[in-house]
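Each chain carries a letter (A, B, C and D) given by its place in the written order, and its residues are counted from 1.
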Amino acid sequence: MNLGVEIGAGLRLKNPLLVASGTFGYGVESAAFVDLASLGGIVTKGLYLTPRGGNEVPRIVETPSGLLNAIGLQGVGVHAFVRELLPRLSAHDTAILVNVCGDSVDEYAEVARVLGAVPGVAGLEINISCPNVKKGGLAFGSDPGMTHQVVRAVREATRLPVIPKLSPNVTDITVFARACEEAGADALSCVNTVLALSVDVERRRPKLAFGTGGLSGPAIRPLAVRLAWQAARAVKIPVIGIGGIASAEDALEFLIVGCRAFQVGTANFADPGVHGKILAGLEDYLHRHRFTDINQVVGSLEYPGLPGRQQPP
Amino acid sequence: MNLAAPLVARKDLPGPYAVLEFRHPPVAAEARAGQFVMLKAEAALAPLLRRPFSIMTVDREAGTFSVFLKTVGPGSRALAQLTVGEMAACLGPLGRPFSPPPAGREPLLIAGGFGIAPFHLFSEELRAQGQKPRVFYGGRTAADLVLGEPFDALGVPLTPATDDGSLGAKGLVTGAVEAYLEETHRPAAFYACGPHPMLRAVARLAQERGCPAQVSLDPWMGCGMGTCLGCVVRIQRPGEASPAWRCACTEGPVFDSREVVWEARP
Amino acid sequence: MNLGVEIGAGLRLKNPLLVASGTFGYGVESAAFVDLASLGGIVTKGLYLTPRGGNEVPRIVETPSGLLNAIGLQGVGVHAFVRELLPRLSAHDTAILVNVCGDSVDEYAEVARVLGAVPGVAGLEINISCPNVKKGGLAFGSDPGMTHQVVRAVREATRLPVIPKLSPNVTDITVFARACEEAGADALSCVNTVLALSVDVERRRPKLAFGTGGLSGPAIRPLAVRLAWQAARAVKIPVIGIGGIASAEDALEFLIVGCRAFQVGTANFADPGVHGKILAGLEDYLHRHRFTDINQVVGSLEYPGLPGRQQPP
Amino acid sequence: MNLAAPLVARKDLPGPYAVLEFRHPPVAAEARAGQFVMLKAEAALAPLLRRPFSIMTVDREAGTFSVFLKTVGPGSRALAQLTVGEMAACLGPLGRPFSPPPAGREPLLIAGGFGIAPFHLFSEELRAQGQKPRVFYGGRTAADLVLGEPFDALGVPLTPATDDGSLGAKGLVTGAVEAYLEETHRPAAFYACGPHPMLRAVARLAQERGCPAQVSLDPWMGCGMGTCLGCVVRIQRPGEASPAWRCACTEGPVFDSREVVWEARP
């Protein structure tokens, strides 16, 4: 039974499960609790050129079936990552993708250049959709022109697979998906967190020190599945589904609507053993439905009024 | 270690308090005082995340440990409703434990509310090292001080203090500590676990008296593994140019009170 | 202690609690379970000129802390409403707002004209944001120009208070809020359901017969609070907050970010007694915080980096 | 009426089944066979909505009623986990009940799985009217037919049928009904509650035999009050030009089988 997938530009994963950026640190933190080699891949916490402090606390609050966060891209910076963390991480047999951030188009490109020059990086996820920083982030991801610029700049800066991460906070995600494809993206990650606000009514202040935050977790899954489905139908490059995945069934929703792979985020916090459960669940599903290859499930959605099931190439 | 831990025993205490004993051999074997576990009632669909609880006692033979639970919201309520045999998702032991006092200093364990929990195991550890710990246990009123007995059993002297004077000295627990220092003039080492204002007061007292203090902070924790970065606290380490965010779950929850930047917390 | 509020064009409510369109039928259905006179107002199920059958079943499915629906605006049509239901509804001492739908700009205007000509209607909520119909609905609500056209046409067709209902499925809700204000809207309802998709992985089909649906319930509250907050800061007209309200605390989040009133939707299904609990909770809150008037709470949010608390006129 | 109804008694049956008795005087006083309640375990944070359950028995004096619960998912599980004294949010009685058979027709109550529930109360009602109901109880296997005894107690003859023949006649319950009709040649009136395919089969049989049938449908229900429009079923009423969506919660769940448009359901 084959669980292996390809997510563009020859980037092969042993299975379609990646851990989502910002929910698994730099990978090394969880090595004590999770067998990293069992993962299809790891997407690191977002990295800028230089270290970042991140936002004040409180940074995280729970909402109904969701998690609202405004960490603010605290990170060690790309150079420290390459120097200290990447070597340790490379010791594990899994694909390492780096989540690339920038305050400017140039910074994105520069971070990409640094990562393209060292061994051990399998691909770059371009974070143009973080709602928790004052500059960059969402600003790039909610304007198709800016999106195109950033992706194009990164594309020209590296030969590594380039995977822009789209924002759910847009009217029409297909516009952004196509802008990325045109700019030379190899795949798309759908989606980042939903811009949201939770109020402490006793103090009449936002619950998060930053104010607004990004909503994640099962609460956003139906929204994320819709967005991943629309994006997958709009472009030819592979789409990686993200949003509220905590079980094999959740992951299958994304695969069935057309995603080649998926990322597990908030669920990593709730249960470090979630990956094994999801992968076992996928194998069981393939078995029960007499599939031999996970790729047979990809895009198998039968949607009312739409021409039959899409099949992957 | 991440395991489904069955509840093997429970003791309901007055008010919102209970002691829950879970079977989790790795925690029982490795846990040190000041460390914690991330717990969630397995069947419960909500809340989403696990919650941090200090390890109160361990039974190395039986492979069990206990927590002292105060019900304050959905996560603690779901745990409080567990019946013996039901499972909790349990990750641990986590975090940095208390370290023993410098030679010649009397360990004073200062607790507020459920902050008493880690001092049970810590008292056992200190006694095993031939130390004579002394516990100061503060709360709003007598009803908050429900975990005194175990310390009598351990032969550890416990001084209660309540804001309303309904049990022990009236006023803040730090007042009782000061009174004790006045009376004994012995060099002491403080260990504190409880509400943030109490920890700050202990830090201040430690500074005045020039004695070391280890404080167990309780920021909001989302994962316990150092990956969510939700639990960060501002720490100023000697030799570092400026304060840095450090994860209370991996570099704490126990910190040297002098390193904690007390202003940072809203 | 005053709970009374005004939501534009002299439309006064005895309290800020309205029941949301499509979650309370035409009001009369629930009269057996709910004292309608205890409500600040009722917003009816969406009405077109003619009766509508609505979509195939299944029409509703639960998601984590949410409800996904694609009813498809089944309704009796405005004429039957005016003839048979409005008289019965008018017998109850509460404000009656009608949710106005249309396949075309003209239909919106015509429905408004019909309702403007009869007694008993306190205001019109213009539904330009229903994701569950093939024509109209969301199409009008996701294009600022169309939004302006519809609102303007309705404005010209009636003297009743005109309250466009905004969609959450947009990049920048303030653009739509301002378009409505310019077109002569008296207030805004924020927000309708979130376009979403839930997949039956065993059958590899959408769980809803219609395909996509609208997500509601506590899952969307943090998103809805953010949108209502942005809309309230963008316009001078009153904003009515909607999304996942099931308790006084939930309602207070919307009031504190600047909403003059709020609507309870999905929670009506979960608990027909929810209204009494919410209103009692609001009074208790005012009491505890030494307020004498609910309007003192409106816009009282202290937001980091923003000029102090906004106060209502 | 919408009330918090305390669980006053529970009887756990083999497999996923249980009988739960709640105190809810209005339901106990007014309920008629075929009506239902919308139930939710009060403490449970999830799922969001209440779930519909048929009223199985009522105790008018005690002001209680019971439901026959099969655990299939989160809502039923949360109810199944209630302990005596805990509360369920309960709205009812709801929906249109079964109506008595035309004179001279023998009432045959045809149940599949938990569809047996309403026929307990209905049998009592019919007996009180001097009728002699007869129950046909179908399931996949013997393990699904856990609610037989009560009918012996009522003195109502019950014919079991299982797909695998492990109890009673082998095959569909409608087969057992046909056999009975062949044997007695008495004019009958069908009442059916169970899975959709069974209801369809009963409707077909009723048509062949030219006897009336009332079927209790179980579409997904979100509110029970006629406001969510989630429970609609296609009904073709005599004299109406075309079929119309009707709410099973307010105009049903019991419908005349001839009015149900059977194709509509996917």
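Here, contacts are C-beta pairs under 8 Å (C-beta built on N, C-alpha and C of every residue); 3 or more make two chains touch, one makes a residue touch a chain.
These numbers were taken from a predicted model, which means no experiment stands behind them.
Spacing of chain A relative to chain B, judged by their CA centroids, is 36 angstrom.
Centroids built from CA atoms put chain D at 54 Å from chain B. Between the CA-based centres of chain B and chain C the separation comes to 47 Å, rounded to the whole angstrom. Among the residues of chain B, those touching two or more other chains are numbered 45-47.
Annotation for chain A: residues touching 2 or more other chains are 64-66, 209, 217-218.
The touch graph of the protein chains shown is a ring with every node of degree two.
All chain pairs in contact, by the document's touch criterion: A-B, A-C, B-D, C-D. If you check the complex, the residues on chain C that touch chain D are 22-25, 29-30, 32-33, 45, 53-54, 56-62, 64-67, 69, 71, 74, 209, 217-218, 266, 268-273.
Within the complex formed with chain D, the chain B residues making contact are 43-47, 74, 81.
On the side of chain C, the complex with chain A involves touching residues 63-66, 68, 142, 169-172, 194-199, 201, 203-206, 209-213, 215, 217-223, 225-226, 229, 244, 249, 252-253, 256-257, 285, 297, 300-305, 309.
The touching residues of chain B, counted against chain A in their complex, run 1-2, 40, 46-50, 89, 91, 219-220, 222-223, 225-230, 232-233, 244-245, 250, 264-266.
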